[in-house]
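Each in structure tokens, the structures are laid out below.
Two complexes are shown next, each including subunit A; its partner changes from subunit B in the first to subunit C in the second.
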Partner chain A sequence: MINLAGRDILNGWGKFLFTGIGLGLLIGVTLSMAGIYRGLVDDGRVLLSNGGADLWVVQRDTLGPYAEPSNVRDDAYRALLGVRGVAEAGNVTYLTMQIEDQGKDVRVMLVGFQPGHPGEPGYLVAGRPITRSHYEAIADIKTGFRLGQRIRIRRHEYTVVGLTRRMVSSGGDPMVFVPLRDAQEVQFLKDNDALVNERARTAANPAFNRPGVPGLLEAVQASQASSRTVNVVMLRLAPHADEALVASEIRRWKHLEAYTRADMDEILVAKLIATSAKQIFMFLVILAIVSAAIVAFIIYTMTLNKVREIAVLKLIGARNRTIAAMILQQALGLGAIGFLVGKTAATLWAPIFPKYVLLLPGDAVLGALLVLAICALASVVAIRAALRIDPATAIGG
Partner chain B sequence: MLQVIDPSSLWIKARIDQGQAGGVRVGQSAEIVLRSAAGRVYRGEVQRVDWQSDAVTEERIVNVGFTARPDALAIGDLVEVTIATAELADARWLPAAAVKRVDGQDGVWQIRDGHVAFHPLAVGITTLDGRSQILDGLASGDEVVVHSEQALRPDAKVKVVAAIVASAASVGGGR
Partner chain C sequence: MPAAIEISGLTKRYGEGDAAVAALKGVDMIVQPGEVVGLIGPSGSGKSTLLKCLGAVIEPSAGRMALAGEAIYDNGWQVADLRALRRDRIGFVFQAPYLIPFLDVTDNVALLPMLAGVANADARERARVMLTALDVGHRAQAQVAQLSGGEQQRVAIARALVNQPPIILADEPTAPLDSERALAVVRILNEMAQRFATAIIVVTHDEKIIPTFRRIYHIRDGRTYEEAGEGRAA
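On to the complex of A and B.
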């Protein structure tokens, strides 16, 4: 028996192919949207995993350091190392800022970390770790910085000695890692004008500039310019230590808040990026519905364009099953072409996106099944229309 | 009030992180770069290591003197000091990016039959240009993973490339 669907397609294969490609681009956009949504969530997740921490200790009653500002004294880590079950501790600061690179501004998250402690980048794609105690930086490759490049961050120049990848903030900004002391200075030290003005202001205050108390003014000014805070202390626990127990111990005795990885995941995914993720998810849902509707319309009109041919088939005694199979096969074929084109297009244009697009194989499989299901469903409507066609249309019209 | 300074006894007050200050001794040579003349390197020498560390910043205060004092020098200027603490004549070394710490143990990732495995090492000092001294655990000619596109896990399958980013070798040989 001849395949009617195949014959019909061969009859007008150009039209069929172009319809499939058009459909494919639409499916590609939908798949990319799913990828953007996954990428957004993944940006939050890698932020947690790339520091290599088990516990995040932040200012009490805050959801820091990513969702809310948090300040912790930078000597708090010593007390934390004394808590049972804590193996390593590292001070970390975060600051989102712009860095100028050849006349262009690059938006980065500046991370201050202690080499050899939790919070340092776990792997490099080029270069070496930071070895000097000041003025060296490791940059995410998305910043566009090169090895050996000198970048200016506030008042100092830093040499890029290493490159890493997939180190981003929850907003997708690439990270630049610098030694903790430098980062503290960047974060808390004011610019020169502000410093000079502040000095003058303090000197004009009679409470701080008293005659007969030498050294008081200098002491006050020194205390104003110093910075002894970090945003988070990252802890790595000893093997077999119960993280919930250690966290509750820190909450109870250290006047600090401690979050486990599960807590942080909840804060980042459920609170911090929740609105933007929902926004994109809503758009994804609408896009999927629109795509489904367009697929259905295309198949329906494709069938209606063949009224005469179907009527002829009926006239020569073709069974309803044969006609239904033809329409269903064409619909599924269109869906298959569309999905292939869409998947290829999404894969090809994913790396061009400025932010991370994560195309999961699971999403692709789900997408394929959905496309085929929608095609089958749409063909049902078309089949019903086809079966109602009067065979007489073939002769008189 | 007057501040009286003897220009022949000018010292640089260098603050060295305590974690790296262990090897600093009086008499070691130092390279000094003035911020006001960043292109030029001056020679110097460690003249005093302060007994009193800065307990708050956790830095040791090291006083460095110029071998030949530059003419244009202002008190309070910022300078960068690099101190040569130790000289290893014949050392076995690896790029520092290859040395990782897993469960408190230093080591490197090696490739065996297409899979990576962690190999513990005894690591000595790390130089400023990113070379880590290998005391024990690796023979000359052994291959290790230097750079990776993501954090490595035991038994992960890897594809070896010469360089992830152009102009940088990613698999280096132990020397």
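On to the complex of A and C.
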């Protein structure tokens, strides 16, 4: 038996192809939306795994450091190293800020870390690790910074000595890693005017400026000008240590909150990006409905353009299933072209997006099945219309 | 030899009760194998209704129809599969050729045997034979849009004949053609009727071809009246 759908497609391939391309671009947007969601989740997971930590210790009753502000004293790590099962500890600070680069503002997350401890970038794609205790930086390549470039962060200039990849905040901002002390200064120290004002205000306070207590005022002012806090202490555990047990020990005795990797995954994926995920899901649903409506409309129009041919086919004895199969195959053909165009388009434009777009093969397979299912569903309207065509239409009068 | 078509007391009513309209009021008709008869009548006389009943497209209300001696309707359909009946035992030629535009000439004709389950190669061979018989064998690979109006109508006749049905119903087959082409189509129909012993009923208004019929059925107010035609050579 001749494949009627195939012959019809070949006969009007130009129209069919352009329709498929139009549909494909819509499918490409849908696949990209799914890729953006996957990218958000993956960014979060890479952020967790690249830090090399097993436990994240933050301020009690907070979901820090990524979901909520958290302040922990920077000497807490000493006490944490004493907990059974803890092998290494590293203080880390996070601060989202704007850095000017050649007249353009670059939004970054500034990360303060202790080289050689948990919290440092997982790997470098160029350059070297930070070896000096001040004014060196490692930047994610998404910042656009180059090796050797000098960038100004608040009062000081830093030299980019290394480049890393896939180190972004949960908001998608690329990270710039600097030594912890520098980051603490950037995060907690005030500017010169504020310091002068603060000193004057403290000196005017008789509680701090007592004539009979020499050195008190200087001590208070020194404490105001230095920072002893970090956002999180990252812990690496000894082999075979039970992370849940260690976390519970820290919560009980150190009056801090400790999160395991699974907890952090839950916070990042289920809590922090949950609203974005819902937003994207709503877009996906709307795009799927729009795609279905467009396919249904196209197939319905194509079918109505063939009323006479279908009437003749029915009159000369073609079975309903032959006609239904013709319409269904055309809908599936349209879906297949649309999917191929959409997948290609999504793959080509994914790197242009400012945030990471992760197109998983599994999502592509699921997308293909969904597209074909939507096309099959959309063809039902046209099939019903075709089956209602009276073969007598072919006979005049 | 039984008549190719034998109709007696065929009636068709549309609607129910007081609103019922009788389109056919006891039509009688006999057409022998190899015979071409004309069916003429004014608009609304019941020509198309009779053609649709004969073509098993609509169900008559009462009466009897037989094809080659076998009753297909006797106050109810006597065959279970009307599609198969239309496909295998009735050929249709329409006002316009109504060929399938996305199939080439051969496949337009071969489609019928293919629908009947004949293998593609055999169906195409049958189509080629029929197209050659109708003198359009040289256009077998052409697309429908590349054919002239006359060639398209010949291909449509080849399609109607390819399964060698006992009857062909031709609904104003010469309407869009000029005199010369219209007479050529009638000549072909006569030749094919003779060659394949097929009975052909031609519904027409076309004054040019009416004199070519040996027998004519007039249909008026749902009733048929038979008269002898001139039977001029087409």
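Assorted remarks:
Rule of thumb we're sticking to: the second predicted complex is superposed on the first by the 391 of 397 C-alpha atoms of A that agree within 3 Å, B and C clash if a C-alpha of one lies under 4 Å from a C-alpha of the other, contacts with A are read in each partner's own complex, and residues count from 1 in each chain.
The working rule: contacts are C-beta pairs under 8 Å (C-beta built on N, C-alpha and C of every residue); 3 or more make two chains touch, one makes a residue touch a chain.
No experiment lies behind these values; they were computed from the predicted model shown.
Taken together through their common subunit A, the two structures put subunit B and subunit C side by side without a clash.
In the superposed model, A:Ala394 lies in contact with subunit C only, and not with subunit B.
Panel annotation: after superposition on the shared chain A, the angle at the CA centre of subunit A between subunit B and subunit C (CA centres) reads 140 degrees, nearest 10.
In the superposed model, B is the one of subunit B and subunit C that contacts more residues of subunit A. In the superposed model, A:Leu147 lies in contact with subunit B only, and not with subunit C. When both complexes are overlaid on chain A, the residue A:Val196 reaches neither subunit B nor subunit C. Looking at the shared chain after the overlay, A:Val125 reaches subunit B, while subunit C stays out of its contact range. Look at A:Asn11: by the touch rule set out above, it reaches subunit C but stays clear of subunit B.
Legend: residue contacts after superposition of the two complexes on their common chain; A:Arg308 is shown touching subunit C, with no touch to subunit B. Looking at the shared chain after the overlay, A:Arg319 reaches subunit C, while subunit B stays out of its contact range.
Remark: least CA distance from subunit B to subunit C after fitting both complexes onto chain A is 50 Å. Annotation: subunit A has no residue touching subunit B in one complex and subunit C in the other. On subunit B, the positions that touch subunit A within their shared complex are 16-17, 19-20, 38, 56-57, 59, 80, 82, 95-97, 100-101, 103-104, 126-130, 147-152, 163-165, 167-168, 170.
Interface of subunit A with subunit C (complex): residues 1-2, 4, 7-8, 10-12, 308-309, 312-319, 322, 390-392, 394-397. Looking at the complex, you find that subunit C touches subunit A at residues 43, 47-49, 51-52, 55, 57-58, 83-84, 86-88, 92, 94-95, 98, 100-103, 107, 110-112, 114-116, 120, 143, 159, 171-172.
Against subunit B, in their complex, subunit A makes its touches with residues 49-50, 52, 75, 87-88, 116, 122-129, 131-135, 141, 147, 157, 161-163, 165-166, 179, 181, 226, 228, 239.
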